[in-house]
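The same chain A turns up in both complexes below, where it pairs with chain B and then with chain C.
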Partner chain A sequence: MEARLLPYFLILPVTLFLCLFFLYPFALVAQQAFGTENGFSLDNFREVVTYWKFPISMKNTFLLAAAVVPIQLALSLLMATMVTKMQKGRDLVLYIWTIPLGISDLAAGIIWLAIFEQSGFLNSMMVGLGVTEQPMSLLSYQTPWVVFLAIMLAEIWRATAIMLVILVAGIGLIPKEYYEAADVFGASRWKQFTRITLPLLRPSLQTALVLRVILAFEVFAVVAALGGTIFPVLMGEIYAYQFDLQNGGAAAALAIIVLIISIVFTLIIIRALRVPKGATI
Partner chain B sequence: MTAVADVVTPDARKAGRGLYWAGVILLCAWVIIPLYLLFVNTMSSPDTVNSFPKSFIPEFNMGSLEFFMGFQGMLRALWNSVLVALMTMVMSIAIGAPAGYALSRFDFRGKELFRLLILLTRAFPLPLLALPLAVLFIRTGLDDTAFGLALVHTTLAIPFAVLITFSLFSGIPLELEEAAWTLGCTRLTAFTKVILPLVLPGITASAIFAFVISWNEVFAAAVLTIENRTLPAFLLQTLGEAPLHLKFAGGFILVVPALIFIFAVRKYLFAMWGIANR
Partner chain C sequence: MAEIRIKNVAKNFGSYQALHDINLTIADQEFMVLLGASGCGKSTLLRIIAGLETATTGEVWISGRRVDHLSPKDRGISMVFQNYAVFPHLTVFENIGFGLRMQKLPDDEVKRRVERTAGLMHIEQLLKRYSGELSGGQRQRVAVARALAMEPDVILMDEPLSNLDALLRMEMRAELKGVLAESRTTAIYVTHDQVEAMSMADRISVMHQGKIVQAASPIEVYRDPAAEFVASFIGNPPMNFLPAEAAGSGRWTVAGQSFEGPANGKDLKWAIRPEDLRIADQGFGARAKVVEPLGAHLLVTCDVEGHQFRAVLDSELSVKPGDVLTLAPQEGRGRWFDPETTLSVA
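Presenting the complex of A and B:
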């Protein structure tokens, strides 16, 4: 094989695969969303947006993302800085902290269901401690804020690890000399964190946030396990359109909406955390 | 030592260390305790799971797990999950690894465009792809098959496979390969005899990662399969009516391979993500 052609030969399978199963399906989603029997129309979108559940599921999805992502960002930054200073037991602690990385959203939902369901561990503990006399029905229509809290906790529990891994890898790339110099000049730990770690961590923060925010808009199985119909979210509505209502056009239109939200937020994050031209570690 | 540390009294430093380790232990407990509670529920008889109040100590009764295994369609769903995950694993490495090698060894026109395509896939909610593919698969006879679902899961896993193998191959000096060429190896034999043995553990790690991605995926699996449900899709479908002990045993079965796999790939986790950033 001629050396000039070899790289193209090697990337050909991936390129073909992604064209067929990534780019082409997106064209199909768009076609399904905008197309009806009589050509281009916005009927599907009109139908989806005017449905009574749309504003609620939109609000819920955003509320959840807004509540979960900042906490995860702070928590993963805290954990990442804690682990970089660790001398003993670093591997064990890191393994434990990254366990949720391998756990699916559905499993995470079920795990927190074990805690929050009526005969679950939270109620057992509260009755045991004498806080309440009877086990309360926590995940019900009467207490939507508990449902929200349970989903929030499950999401924070499950998906902080992915940010942690990216940030730990990113902190590992920052040269130690910067910190030594900061020590010489008497900068406090906090100052070192805000003046060295945070700015140099920008590429990693970018990746972590993009990945996390997109996943936040895709939230589905955790909600299905814990909230069911009490807490409708966008992804769950897409699923309902596809299956319960057998309305592929509406599902596609809602998918396009989720897609646009994801792209807008990706662009915002990339813009906000962009690395100045010419600046490298 | 630092100027700041000199001012701090030993007592304050001790308190600081105590606080630090308390934080570490608290965060470890935050991860482990919910897992432990799921374990307690799984290891209890169905009656105990549905009773109140709950004991925080497992009674090591296999009743729930036996019920799970005997539940209509569950074993088949478990088998489907393994099948789809294995296919995803093989396909994503077979298709992704050559591209990772190309990215690490060659400068070619269109390299940036190719990288952009790979990175782009991560900026999209990929499970949504399942919607149009559901229609397409019905036309091609791939609907409700393990292979069809594996194709979608491979799309999810491929960006990771390419970026991880890229970082693995980048870690091996080109000189090693060149030395093999001067000693009479062709490009292919140099690769199979010198490079491959060196990257094999890393390749295995990224294959395992692909397996976990597929094993955990719910949305596409639920959209694309009806009869041949995978375990997550089957559990999702039965969430409404299934008894509690079935849910917990199912959740437990979902979690166990993930625990083992993360343990197996832990060495590579950070190397993988470090490079995937750039």
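Presenting the complex of A and C:
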């Protein structure tokens, strides 16, 4: 085979797979979102955007992402640095920290529900310790910030490890000699982190952040388990359109809106963390 | 006063002992070269002095301070790494200025020093480039410039010119030596290039299998090697060795020739540099095997009583393989070694 054609031949199976299971369904969704009986229209979009729950669910989704992702970024950087510095037991710690990754998001939501429920662990503990006299209803309309906090905690617990794994791999790729040079030339630990680790970690940070931010806009099961209707988010609305209201067109339109938001943020992240031209990392 | 003292330093990597009981003092402003074959422990010793590696036992003193427990940045040193360690995400300018930025020097001072050292290393035209775009030799010069820009009391250099072409290396050698002498910097310079060692060093420490075999001036290392290893490592080609038989009362017989030597009971080895041999009426009978005209000299590899024997002779001589030459050593140039200890015997 000609060397020029070989690469294309080799990616053919993957391309076919993607076309079949990604592009084709995507085309169907797009058709559903933009199409009505009388051809192309933006009616579906108009409908979902003007619905009273749209601004709230949009606001909630962004609020949650804005609260969770920076904390996760800081946490995963800290944890990755700690793991990398470990001499022994490094793999064991990493396995334990990544356990939440193996749990489905609904299960994670239910675990945290078991903690925050009226008859849950937290209430039993507080009553047991005599902090409160009676179990309180924590996840209710009266205390939306507790609901928000519970969802935040669950999300942090559940999805920090995915960034951690990427960052650990990225830090492992930075040659030790750069730290030795930084050490000799007077960089403190903190300066080594900001001047060496962070810039050299940019490709991994890009991947981790893109992945995490996209997941943040797709948050659904944890919110459903802990917040229910108290805390509407975009994905929950898509679900409601599709299955409660049987309005596939609106669901598809909202899905496309989420897709556009994800693409915009991906581009922003890639641009913000790009490696300067000529610098090889 | 940046004097470096290394006391009883040993280093084990697991069960492998890389350094054995190293004792060495490098005087203030001295240019010390660590010379030895690949894997003999030069980098390890340098990295222990820098604080990048901890000695298994022993002490390191710099400027009268014990520094074993200090981190590299508190030791008043600067270093050129064997693998350069030039930061790929910074421009050449920021690489050279890295240490200066860490010291929070004002911008104009950083600029002045970076431009000066970049000029010394002939890389001033590269200041805006990233190191990924540089050749190995250019990157190496960035590493040297970065170390020089610190204007340290002590500079440690691990084969800093190894990747340059012969011409540039010769130029940089002189440049480097000049700058360091001018700035009164104490320097430790690792190399396995003996020409570099001879031409730059105030003193050379010859290392072999984790030990320092000899630490002396270049001419002493060349003229009076302390051990067989030094004799066969320094000089190109190295010294010739012949067995010497005791003939009583300080006389020795070497390949049929009688020499005056040490008053020693045991058998010894006699050694001579190839360049200290000349054609004479009386001397060793040597059968020429290989003749290599080197331009300035004629290198003849001969056979003396079954031992390989090299002579550097006048290039005008016409010698063919198979010829039998009579070679005589120059007065006072023969050396004696104990074959058991391999050490030199006076």
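Criterion: the second predicted complex is superposed on the first by the 271 of 281 C-alpha atoms of A that agree within 3 Å, B and C clash if a C-alpha of one lies under 4 Å from a C-alpha of the other, contacts with A are read in each partner's own complex, and residues count from 1 in each chain.
Keep this in mind: a residue touches a chain if its C-beta (ideal position, glycine included) is under 8 Å from a C-beta of that chain, and two chains touch if they have at least 3 such contacts.
Predicted model, so just to flag it, every value in this text is computed and none were measured.
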item	value
Touching partner for A:P199 - first (chain B), second (chain C), both, neither	second
Which superposed partner A:I71 touches (first chain B, second chain C, both, neither)	neither
Which superposed partner A:A181 touches (first chain B, second chain C, both, neither)	second
Which superposed partner A:L149 touches (first chain B, second chain C, both, neither)	neither
If touched residues of chain A are counted for chain B and for chain C, the larger one	B
Partner chain in contact with A:V275 - chain B first, chain C second, else both or neither	second
Which superposed partner A:V49 touches (first chain B, second chain C, both, neither)	neither
Doubly contacted residues of chain A, that is, touched by chain B and again by chain C	183, 186-187
Residues on chain A engaged by chain C in the complex (per definition of touch)	175, 177-178, 180-187, 191, 196, 199-200, 202, 275-276, 278-281
Chain A partner contacts - residues on chain B that touch it in the complex	2-4, 20, 23-24, 27-28, 30-32, 34-35, 37-38, 41, 50-54, 56, 94-96, 98-99, 101-103, 105-106, 108, 110-111, 114, 117-118, 121-129, 131-136, 151-152, 154-155, 158, 162, 187, 212, 215-219, 222-223, 232, 235-236, 239-240, 244, 247-248, 250-251, 254-255, 258-259, 261-263, 266, 269-274, 276-278
Chain B-facing residues of chain A, complex	1, 6-8, 10-11, 13-15, 17-18, 21-22, 25-26, 28-29, 31-32, 78-79, 82, 85-86, 91, 93-107, 110-115, 117-121, 123-124, 127-128, 135, 157, 165-166, 168-170, 172-173, 183, 186-189, 203-204, 207, 210-211, 214, 217-218, 220-221, 224-225, 228, 235, 238-239, 242-243, 248, 251-252, 255, 258-259, 262-263, 266
Chain A partner contacts - residues on chain C that touch it in the complex	50-52, 71-73, 77-79, 81, 83, 85-90, 98-99, 102-103, 129-133, 146, 150
